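Two complexes come next, and they have one chain in common, chain A, joined by chain B in the first and chain C in the second.
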Partner chain A sequence: MKILSAIVLAGALGMGLIPGAQAATSERVQITGEIIDTWCYVSEIMGGGEAITGTAHHQCAVWCAAGGIPVGLLAETGEIYMVLKLGDDDTSNANPRILEIQSNRVVVEGNVMERDGIQYIVIDEIVENAGITNRTHDDYGVIPEFGVPGQ
Partner chain B sequence: MSIMTDFRVIVFAISVLLASGSVASAADSWGVAGEEEARFDATVVDVLCELTGDCPKSCGEGRRQLGLLTAENKLVLPTKNAANFSGATDDLIDFCGQNVTVDGIFTENYGVRVFAVQFVKPVGGKWQRTNRFLDKWAKNNGIDPTSNAKKSWFRKDPRINALIERDGFLGIGLEEDRLFLEENY
Partner chain C sequence: MPGLVVVASSGFFLADARAHDDENHVTPETVSAATPETDAVQEPASFPLDIGGPFELTDQHGVVRNHDDYDGRRPLVFFGYARCESICPVALKVMLEAVDLLEETGDKLQPILITIDPENETPAVLLQEMPRLHPRLIGLTGEVAAIADVQKLFRVDAQLTGTSRTGNPMFAHGSLIYLLGANGKVMTLLPPIFDSKTMAEKLRPYLVAETVN
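Let's look at the complex of A and B:
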């Protein structure tokens, strides 16, 4: 039924039946990955790669999510998906439910839409949540270091 | 050509540039990956609405991520404002469905290109620094918006502090925080 809905939606968008919306094909997916802070990860403003994931960057990722920066899903493949919706909750600006799962390793089901080089995801369901498993602080400490109490 | 005529030509040229909005970006460089300064005109849109046709009133009234739709029908995602650790929704939400000029920097990495909007100007309006998040946060948390205390909002935010007090700054428990501090500081 969900797949059928996605096909109908994609068709409606493609035919311009929904005012204001642009054609964006929607693909049904199941993705395994980590919930990340997209600004710091993409910009590398605090360094790059794995250091900006997991426990090393968890506190900063919570800061950024609470501040309304888009939260993303970093797939095992390395692809980044901007999260626009979680279940029936369409809050993507500082959503408390997303704050709760920041840095968590999850398996999600939902629909992915690509527009101008960015992949967006509407998550229908978190199928599995292993919590925070990426212990990057063992190698990188805490980034930014001023997030460490007393620093 | 006289000096006065030269001066008039220069003034005219500057006026044309300002009027056309094609003057160079005044954005601050942040030294981010693939950085490119940019100033452009766009319409403020609700990203989820733009992609799916699910369109609540007033772009979701601040609860959704907003986008910048250019005249070339390119959807730009403004992920950052000019303040610490915060996004651009509060700076753009009042302009839902309206045309604005934005100034800031693109960052591009891992095949993803997003925008940090540092200044926004509505049609016929004045340039605004994109730090409205701080004023809104101060107001919501009983802090004087004219004080500097709001700049370190992320250390005072009750939502954040509740999570850190429960799960630790590493997110995996207070005992892990204690061990980390003991071994490294």
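Let's look at the complex of A and C:
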């Protein structure tokens, strides 16, 4: 995990060293984490926490991403990075490539920037992809229940 | 590394639902409190990615509008389609509530919907649909090529995915919300995942800076 430079930047923001809304530079990082559905995870509209990650929320996460909800990268340290761009694609929104990696545990390289308290990441490369490894449905079932095919 | 402690306790990261240390546990509630500082107000820089730019489209009244044509109100733009039955109404609701919250404190924004379905959403269609969403919402449309050019400026992808049960076309499309500055450049963008109060808090510093300057 090489998020140290991003942490330093955010630390400077937190301490008020960089004034106002304009503070934003880009830092090169490598991050390990899971691609998540940011809407449901952050809003807690379907409850919160681990149940809104992994296999329990995979179907809904794919639907949200397909509809254009920005996906996030939930780092193993707990930070969320909004994915702005993936590879050479012009956008990550409603991007079919994103659908293929939704809920996957990945190692990515790219650039992180902070704006208005939000961490954004432009992913240059998915270095590793372990697939869907977070079997949260063992504990939580499928969240929401209408995510079960045929319901 | 002192910065790590400052980061975790200042709420500058979105959320940390996996943290086991209660002192450093950052929840979505603390996301609401994570706003830019407003003490040292100065003109905000554009977003650090090259997004946005000048454009000219037609509103629901048939009037040609550009990126900076709203009586001093900063444009707050969402790309979607007026007859959407899924994500657009939810995202627009939050965006429009944030506009109203900011209006209460004198911070004026111009909410704009740029349709990604110009073939079906003509000015006449938008004239019917906009008041249903908000009295001050401006809908912009244009030739297919003109809309495609604007989508490219703002890196908004959109694909027709099918037809709804009611017969309306369904699109998958980018759902970020853009605050525009000079020449249509994006000052900041927000994902539609926050509540309206949080969104207003994140937008306000840009408008305050403008007032001061």
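One rule holds in what follows: the second predicted complex is superposed on the first by the 127 of 151 C-alpha atoms of A that agree within 3 Å, B and C clash if a C-alpha of one lies under 4 Å from a C-alpha of the other, contacts with A are read in each partner's own complex, and residues count from 1 in each chain.
By definition in this document, contacts are C-beta pairs under 8 Å (C-beta built on N, C-alpha and C of every residue); 3 or more make two chains touch, one makes a residue touch a chain.
From a predicted model like this one, the values you see are computed outputs, not experimental measurements.
In the superposition on chain A, A:Gln102 makes contact with chain B only, while chain C stays out of contact range. Using the contact criterion defined above for the overlaid structures, shared-chain residue A:Cys60 touches chain B, although it does not reach chain C.
Looking at the shared chain after the overlay, A:Ile69 reaches both chain B and chain C. In the superposed pair of complexes, A:Gln30 makes contact with neither chain B nor chain C.
In the superposed model, A:Arg115 makes contact with both chain B and chain C.
By the touch criterion defined above, A:His137 reaches chain B but does not reach chain C. Looking at the shared chain after the overlay, A:Glu50 reaches chain C, while chain B stays out of its contact range. Contacts of chain A with chain B, set against its contacts with chain C after fitting on chain A, overlap at residues 12-13, 19-22, 24, 26, 38-39, 41-44, 48, 66-70, 78-80, 82, 84-85, 90-91, 93-95, 113, 115-118, 122.
Interface residues of chain A facing chain C in the complex, by the touch rule stated above, are 4, 7-8, 10-16, 19-26, 38-39, 41-44, 48-50, 66-70, 72, 74, 77-80, 82, 84-85, 90-91, 93-95, 113-119, 122. Residues of chain C that touch chain A in their complex: 1-4, 6-7, 9-19, 26-28, 31, 34-45, 47-49, 86-87, 152, 155-159, 161, 172-176, 187-195, 202, 205-206, 209. Across the complex, chain B is touched by residues 9, 12-13, 18-22, 24, 26, 38-39, 41-45, 48, 55, 58-60, 62-64, 66-70, 78-80, 82, 84-85, 90-96, 99-100, 102-103, 113, 115-118, 120, 122, 131-132, 135, 137, 141-142, 147-151 of chain A.
Per the touch definition, chain B reaches chain A in the complex via residues 30-33, 45, 47-56, 60, 62-65, 73-77, 79-80, 83-90, 107-114, 116, 133, 153-154, 157, 159-160, 163-164, 169-172, 176, 180-181, 184-185.
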